[in-house]
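Handing you a structure now.
Going in written order, the chains are labelled A, B, C, D, E, F, G and H, and every chain counts its residues from 1.
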Amino acid sequence: MADMLTIGGVELESRLFLGTGKFSSNRMIPRVVESSGARVVTVALRRVDLDFPEENIVNFVPGECILMPNTSGARNAAEAVRIARLARASGCGNWVKIEVISDNRYLLPDNYETIKATEELAADGFVVLPYMSPDLMVAKKLEEVGAAAVMPLGAPIGSNRGLKTKELVRILIEEISLPIIVDAGIGRPSEAAEAMEMGAAAVLVNTAIATAADPVAMARAFGLAVAAGREAFLAGPGAVQDLARASSPLTGFLRDD
Amino acid sequence: MADMLTIGGVELESRLFLGTGKFSSNRMIPRVVESSGARVVTVALRRVDLDFPEENIVNFVPGECILMPNTSGARNAAEAVRIARLARASGCGNWVKIEVISDNRYLLPDNYETIKATEELAADGFVVLPYMSPDLMVAKKLEEVGAAAVMPLGAPIGSNRGLKTKELVRILIEEISLPIIVDAGIGRPSEAAEAMEMGAAAVLVNTAIATAADPVAMARAFGLAVAAGREAFLAGPGAVQDLARASSPLTGFLRDD
Amino acid sequence: MADMLTIGGVELESRLFLGTGKFSSNRMIPRVVESSGARVVTVALRRVDLDFPEENIVNFVPGECILMPNTSGARNAAEAVRIARLARASGCGNWVKIEVISDNRYLLPDNYETIKATEELAADGFVVLPYMSPDLMVAKKLEEVGAAAVMPLGAPIGSNRGLKTKELVRILIEEISLPIIVDAGIGRPSEAAEAMEMGAAAVLVNTAIATAADPVAMARAFGLAVAAGREAFLAGPGAVQDLARASSPLTGFLRDD
Amino acid sequence: MADMLTIGGVELESRLFLGTGKFSSNRMIPRVVESSGARVVTVALRRVDLDFPEENIVNFVPGECILMPNTSGARNAAEAVRIARLARASGCGNWVKIEVISDNRYLLPDNYETIKATEELAADGFVVLPYMSPDLMVAKKLEEVGAAAVMPLGAPIGSNRGLKTKELVRILIEEISLPIIVDAGIGRPSEAAEAMEMGAAAVLVNTAIATAADPVAMARAFGLAVAAGREAFLAGPGAVQDLARASSPLTGFLRDD
Amino acid sequence: MKLIINGKESEVSGGLTIAGLLEEKGLNPEIVIIEHNLELVKSESWPDIVLKENDRLEILSFVGGG
Amino acid sequence: MKLIINGKESEVSGGLTIAGLLEEKGLNPEIVIIEHNLELVKSESWPDIVLKENDRLEILSFVGGG
Amino acid sequence: MKLIINGKESEVSGGLTIAGLLEEKGLNPEIVIIEHNLELVKSESWPDIVLKENDRLEILSFVGGG
Amino acid sequence: MKLIINGKESEVSGGLTIAGLLEEKGLNPEIVIIEHNLELVKSESWPDIVLKENDRLEILSFVGGG
């Protein structure tokens, strides 16, 4: 019996969610998605530059993936809701990553507006995954208003700094019954594995893969690490000891005294 | 072209080495080895208890594996050499893990005696992998006297404390041309992945797997994590930033102002 | 010209704030306050147990100290405001530490209710120091509504776990112009010193001192550490290097070759 | 009864040892020594540049200090012994810091040669403080051959990287009866305080003070931090908890329900 | 006469003042803070305020807290 | 005729439909999402909707994002 | 006859070969390694080597180890 | 006359004492330590020791070090 993650009624085998920003070329996306094993992929909605229209990223995302548009650019709940509705209406499904940010230096989310947007969109039938600053009371409210998961940051977006909010994320995992998905800041597969060992339900990675010298290989590395961390969480790690514990028997030594 | 680790003229695909101590039953070993993917497996040599003779562990190690007897029980170079020669003569190959310990509380190795044993056994045609306390000058001497790899400890044997000697291991990896294999102390797959991301050639794990609630699953987790860390090392991780770096474009926002 | 911390128009020489809970006896308080050097001391308001009335803690706090009643027990802004007004009316000054908590396991604050209480009490002339879960947007709101300082937690109250929220506190210090005072979780003087080296304006310590084997000595240790960390922050630490940098000259060696 | 550190029969009140390298001007030394409170001060021996003879650093070290010449420049025991004897014969006392280094990139010590030099000089009546790479077996040998203290590195010399070898230093403190003095790598007062909280007998600091924007103030900061850490070690820190522990009473709340 | 003191019903003799109640309860007036029907009452007025049936009284004090 | 397209004023020939505008701008209809006066418009209706003076049009598309 | 087996004195009937000893002790020859007076002895020679008074015999085997 | 001073050959006038050499080099005797042919020489004896061809002299001093 496989260990699946169920969100919005969908069963997911891979617990790695993939962001599609910052890749040198969209042509790379299909190979990155494939090597990562991810089935949930985020995209952003933007005005078309009429002078230089780009290709639509959606055409590069394998069909079996769930598209999760984010509300990046939104500075408050109303803007987030508008973006979410346009995205859904365009036919790419009803998942949305809420991202409400007015801090331009650290791109830290506005938890209050995020709760408001989550409530409105959940009531409107969206599968809502809010990006948030780790805060237990906020996570509880997000749960109340119908979030499908809670996505605390590990460190500032795109910083590759790692799981710097471990202490608070640990508490969310323990106290919140929704899936906790670590989003933002994870820079190395080992950090993704650690989040999973702690009991995170999944991790969302973008910059660490997009800024690697070989994004396709790094995507594979993250896929393996997330699976490793999940497997370890389920396998029940042994206790940590202050002293040494011999791994070879302490009797029957071949000695002449 | 696969990324292989070559030691003693043998090409290894898996960079996870496995210890066989502390398992609840030898019958578990074949499944643990298989799920881990390991091809180098350590064993110990002991006097038979004439009243309760045990099964020989070797019969439980899949035939395709390289057996690496350790010299546990040795308190000096001479005892280590004697054990190594008996083990080799018994027909299980010419690999040996040097382990010379006289500290019974933290089981920390005696680097001096380890150098002596390494020199003698390397001259005698063994493939010698010495377990050592991380020390650059000692690693250089081990290289001079013919070690096939250097195995610094991450933390005391069996402690599951993790990669506590990161700073010194980082320097060994940078300064020593032999494969650096982190042995002892690693307690979680994420820690094994981190060692590999740093450029370790392999990791040797025993207690973390043997003391897990489900050793077969934990062995798989370590196998995945080691592969992930190696892949990440080769993929060239992106830079770590103090500030945030947006993963979605910072232009073309849908806004009414 | 001394380096003073100014809060609510008061100039403070010591940047260690002291909590008075959990001491084995109130009689110890005067000596703890004295050895710590603290001049801001927190107390709590409680119903008198009519069967076993206790001594009033206030009688044990040296007269030169600023009393800062906390609103512990409050589960929302209204309860916090009521407690603050009673405390002030009782004549112990107009400072208040806002503490609004409904999580009984980790005692994590409710940032929303904390903002509401801060706004109402600041408008009513209090010097308001809100205890909060580190969140940049919340800190900005607290600044807008008139807080005199912002007091993010380092770890759960009374856990002695240390500065686990370093990443978020670092950002508050950088982005918020109010004094940032690390409150809760600090368990060792070295952790208090580190908070000060990062640029925190002060730290509030209670459990780490009250639960020490010798609280009077530990109070002195924290007083010294806070002064050390502040001095280091002002002194401008040198750069951290990856490689070694000789501290003795690399020329003029006495050598025969 | 004051808590004194006794080394070589001398009682020391300050547990901060000071290095004198890298200061912008020797004229600064007296004020740095004074603000640090240090009474043990290291110097190096070098050939005079006949074209540009420098002032002798000794003239800038306050008379009440113990001078501890280091053997920097020595690549083996013989060179270290020669330097030590010249330094002593010149009349600056019989303390010596053994420093035997042949790695020019990380300046990591050669533990073997260090043991040899320690043995010879201790037998010759020196008070020998060897700088070493943290290794329990080596520390035990240094104790056997007459070292007055053992000085493990925290990180490479001059790197300001901090107490990166905590795990190994912790074991030395526990297992070795000589004073353990953390030498090299400490970059912040908080790190010095942490070493002392762990039970280190003293710390030796040079680069962190010499490279600060204001060395005199940073010296004071280190003096305070070392005193704080020592006081905390003696005061017996309280336990670290996973959960929160209220610092205000959990009864007698003023509530209407 | 029934009062609600610190959230609990308790019987006291009628016509008591706040000061009288404290004396009856053996409480040191120096150390307590009194809220009477949600109004804080300064100690000066304790001798003058006569308690009535069902009055809500909070008798509070400062204790150690962090 | 003046329209507000993606927040900017722009002049287009009168009587254009949304489909016509896209053609005039050389935009591939497959890849865009159209909001017309704050209403999302499905592509089926693009040929039928005739744009009027001062209409607000948002021409959007999905791009890479995290 | 007295031998030192695995560091302990033990009495065995005289004239035993190594093979005979293993049989007497009920040890499976497949799983053991024999050192006889500090010399490793290959299993082929076990039937031929006759043990003498005070011979030192080490009977070893591989066990789990890290 | 040739001496090896601090590892380098240098020419000095013959018959010089150590004290004389220091004077000639303009070195303050207070601050230096002298090793003459691998023997440390105390300052008292500097005026008496006459340097000979090929003598090895180390003129040392303490500098800042960690």
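By definition in this document, a contact is a pair of C-beta atoms (placed from the backbone, for glycine too) under 8 Å apart; a residue touches a chain by one contact, two chains touch by 3 or more.
This structure is a prediction, so every number in the text was calculated from the model and none was measured.
S.K.: In terms of touching chains, how many steps apart are subunit B and subunit H, taking the shortest path?
M.R.: Graph distance in the chain contact network comes out at 2.
S.K.: Give the label of the chain whose average Cα location is farthest from that of subunit A.
M.R.: H
S.K.: At what distance in angstrom does the C-alpha mean of subunit F lie from that of subunit D?
M.R.: 72
S.K.: Please compute the C-alpha centroid of subunit A, do the same for subunit G, then give the distance between them in whole Å.
M.R.: Each chain's C-alpha centroid was found; their separation is 62 Å.
S.K.: Roughly how far is subunit C from subunit D, centre to centre by C-alpha average, rounded to an integer in Å?
M.R.: Going by mean C-alpha positions, subunit C sits 31 Å from subunit D.
S.K.: Mind pulling the subunit B residues that touch 2 or more other chains?
M.R.: 19, 21-22, 44-48, 70, 72, 86, 105-106, 108, 156-158, 161, 206-207, 246-249, 252, 254-255
S.K.: What positions in subunit E touch 2 or more of the other chains?
M.R.: Only 6-7, 35, 58, 60, 63-66 qualify.
S.K.: Strictly by the criterion at the top, what is the full list of touching chain pairs?
M.R.: Once each pair is checked, the touching ones are A-B, A-C, A-F, A-G, B-D, B-F, B-G, C-D, C-E, C-H, D-E, D-H.
S.K.: Looking at the complex, which residues from subunit B come into contact with subunit A?
M.R.: Subunit B reaches subunit A through residues 19, 21-22, 44-49, 70, 72-73, 75, 79, 82-83, 86, 99, 105-108, 156-162, 187-191, 193-194, 197, 206-208, 210-215, 217-218, 220-225, 227-229, 231-232, 234-249, 251-255.
S.K.: In the complex formed with subunit H, which residues of subunit D make contact?
M.R.: Against subunit H, the touching part of subunit D is residues 19-23, 26, 29, 42-48, 50, 53-59, 67, 69-70, 72, 85-87, 89-90, 92, 157-158, 184, 204, 206-207.
S.K.: Would you tell me which residues of subunit D are touching subunit E in their complex?
M.R.: On the subunit D side, the touching residues are 247-249, 252, 254-256.
S.K.: Mind pulling up the subunit G residues that touch subunit B in the complex?
M.R.: Listed in rising order, the residues of subunit G that touch subunit B are 5-7, 25-28, 30-33, 35, 40, 42, 58-66.
S.K.: Note which residues of subunit C are touching subunit A in the complex, please.
M.R.: Answer in residue numbers: 102-103, 105-106, 108-112, 133, 135-138, 155-156, 161, 164-168, 171, 175.
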